Amino acid sequence: MDHTYKLLEVAGSSPDGIEQAIENAIQRVGKTMHALRWFEVIEIRGELDEHKVKHWQVHLKVGITLDEPNKG
Amino acid sequence: MDHTYKLLEVAGSSPDGIEQAIENAIQRVGKTMHALRWFEVIEIRGELDEHKVKHWQVHLKVGITLDEPNKG
Amino acid sequence: MDHTYKLLEVAGSSPDGIEQAIENAIQRVGKTMHALRWFEVIEIRGELDEHKVKHWQVHLKVGITLDEPNKG
Amino acid sequence: MDHTYKLLEVAGSSPDGIEQAIENAIQRVGKTMHALRWFEVIEIRGELDEHKVKHWQVHLKVGITLDEPNKG
Amino acid sequence: MDHTYKLLEVAGSSPDGIEQAIENAIQRVGKTMHALRWFEVIEIRGELDEHKVKHWQVHLKVGITLDEPNKG
Amino acid sequence: MDHTYKLLEVAGSSPDGIEQAIENAIQRVGKTMHALRWFEVIEIRGELDEHKVKHWQVHLKVGITLDEPNKG
Amino acid sequence: MDHTYKLLEVAGSSPDGIEQAIENAIQRVGKTMHALRWFEVIEIRGELDEHKVKHWQVHLKVGITLDEPNKG
Amino acid sequence: MDHTYKLLEVAGSSPDGIEQAIENAIQRVGKTMHALRWFEVIEIRGELDEHKVKHWQVHLKVGITLDEPNKG
Amino acid sequence: MDHTYKLLEVAGSSPDGIEQAIENAIQRVGKTMHALRWFEVIEIRGELDEHKVKHWQVHLKVGITLDEPNKG
Amino acid sequence: MDHTYKLLEVAGSSPDGIEQAIENAIQRVGKTMHALRWFEVIEIRGELDEHKVKHWQVHLKVGITLDEPNKG
Amino acid sequence: MDHTYKLLEVAGSSPDGIEQAIENAIQRVGKTMHALRWFEVIEIRGELDEHKVKHWQVHLKVGITLDEPNKG
Amino acid sequence: MDHTYKLLEVAGSSPDGIEQAIENAIQRVGKTMHALRWFEVIEIRGELDEHKVKHWQVHLKVGITLDEPNKG
């Protein structure tokens, strides 16, 4: 069977690092959508405060299986 | 608190110029979604007619706060 | 009248070739959305098995007219 | 019927702004070619003088219908 | 002898697929220019109608030998 | 004589549009540096508020003549 | 277990079309390496002769599982 | 009020990982400049020694508020 | 003496994070090649399972000194 | 007065090096067009023979002033 | 010890060729800064006059060690 | 007959200039591989010492004919 995926672009953040910003974005998307399959990092940024990174920010594309509409 | 944003790609148009094409796209997206925070221009194009620009067309990504699902 | 379009990024696949992977993605998107206007190819990939292409995979952006919310 | 377009890269300028630099380029190309259909912005630059923008310069690609040679 | 080539950017289209859109563009360019040597694909797009691809559109650069002006 | 230029990357903003955000950035750089020659736009962004553009933000590179150190 | 893949860049060709140029490259790589898993298209080009495509040429990266050295 | 930012490109390094290389670069820049606001990652590299990463190296752009010159 | 380096593109993975995926790729390459000098990150991706990152995947180029063939 | 420039993409070659390949392309274009103002290098390539560079090949864009059509 | 580098973007020029334009830019930067470590070419351009290259222009990034502020 | 080429990425260096760094890389690759056909420049860099270029470094892709395995 041939799958179709939707690629959703999101930006997540965390005070704890790059991986945690990604995990936070994935978990937030997972609250309203299921069947998340993969992600690709688009951009890594951050907000600074007093010469420290206050928030790590990561833009990513998340690949999500499009269910059959009569099943989804 | 760590925010997550969705980046929606849209293309707006206007006969009046680049800024108005962007404003039109933002206003149209704002009719069905709230919490629009920022935009980034991806591409500027236009349709020509009789050697004049008939429609300015701008592709942009709009950053939208993802509300908590039980609040949104 | 000035139109606004949404650009949806999807990835379609097919064992039969690049054009069919694109057609499959378009048909799947068309099951839940109408007013699909154009597409742009982002990436062509594929899965291999026994030194043959098992699935052609094409990432594309699909341009979709955003209907007026009170009409859509 | 299937159309073929030529994409001509040009750079226009104006002291009055980005849109006018584009319109100037389109009008100049229109003096020797007809059937100009669309444009895409490639680069926005400018010349400075006394801390002001003296000339806005825009590089664009212009899409032009290639007429049938026995008709053009 | 050292050759110089001109790279002409064109966009061809076809209802039949990507290869045919390229062949159509090459044949149309060949009606007014000779000595076409190679092409490079820049972009693959298409127009949609009723959830099917109505026209495949391919932007390409065509490399053309510049003849000596007193011979061309 | 051979010139050397420094390319300074800056981001300017304005509530009034893209050209004004660029002019503001140029004028601010001109307060502490002289001999600004040209600019190139890197990115156009903006902040949104109530579905309108509150601040247009433009990233640009400014080309500045490096004076001879014993003269500057 | 964590896999490591090697990405080999190759260019294949065929008189018959884009898919066949890719299949030819994959089959040729498969003669000396095993465990080919996926490919990504980098560039599509071609050689022209008498205003027709004589050879379709596709540059691709092929992802190959690196076997454990004591097993490979 | 409209702000102008300077984007400074720096490369930081650390034996401890990507985040620490970024924090080191930010802290070093903060020794001679104040009002650091955000950063964007441009490139992640590293030096290897005996098949281990000896130094993680990250190129970043740091956004710095340009103070009013009579206040800075 | 002038060195020549080979740049090998590999993709490593790890359930533990981005740095560990890079270290795993480097160690695997080091099993069959020596004189690894540096790496550059090309792409960061990952596989998702139950809304968590199951495998972090990093594509990198590894710079390897080409020994003199009569010494290597 | 506002100028408009045409950007012509050409590829020149020479057995003698990169600069000479560029000069050859410029001189060939100058045989049929005047008012050549600047060039930008797009790509540097070459043909190899017996482990030596036989032809240096440089793709460049040449900026050419478009004369007023009633004067040109 | 972990080093931090500043990347300064400059454009140098020379009537004599690409390498000399780069050397000129490096020497000019070296008049006011020390500890220049490496460069990367960003763009190669040139000004034309009478169908010859009058000035070769090269944009480069120069990597400069940031000294400790109490030592610099 | 349809050829397949391998694209090998290498970085060569020379104290004498860009062309010589490329020739050095080609000659080094030619010591262990035959049938080198073309190259493409990916990046031009250099190491600095006392405000002069000590080593020119060029990253290139080299296109190499893949021989039939029973003949190679």
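Letters are used for the chains, namely A, B, C, D, E, F, G, H, I, J, K and L, taken in the order the chains are written, and counting of residues starts over at 1 for each.
The rule is short, and it goes like this: contacts are C-beta pairs under 8 Å (C-beta built on N, C-alpha and C of every residue); 3 or more make two chains touch, one makes a residue touch a chain.
Every value quoted in this text rests on a predicted model; they were computed, and no experiment measured them.
Where touching is counted per the definition, the chains common to chain D and chain H are F. Of all the chains, the one whose CA centre sits at the greatest distance from that of chain C is K. Which listed pair repeats C-E comes down to matching contact pairs by residue number; over half match for A-H among G-L, A-H or D-J. Note on chain placement: the centre of chain I and the centre of chain L lie 21 Å apart, centres being C-alpha means.
Our note on geometry: chain C versus chain L, Cα centroid distance of 39 Å, whole angstroms. Contact with two or more other chains is made by residues 9, 18, 29 of chain D. Taken pair by pair, the chains that touch are A-B, A-C, A-H, A-I, B-C, B-D, B-F, C-E, C-G, D-E, D-F, D-J, E-G, E-J, F-H, F-K, G-I, G-L, H-I, H-K, I-L, J-K, J-L, K-L.
Every residue of chain K that touches chain F in the complex is listed here, in rising order: 8-15, 21, 24-25, 28-29, 31-32, 55, 59. Chain contact summary for the complex, chain B toward chain A: residues 2-7, 9, 61, 63, 66, 69. Remark: chain E residues 18-19, 22-23, 26-27, 29-30, 36-41, 62 touch chain G in the complex. Residues of chain A that touch chain H in their complex: 17-18, 43-48, 51-53, 56.
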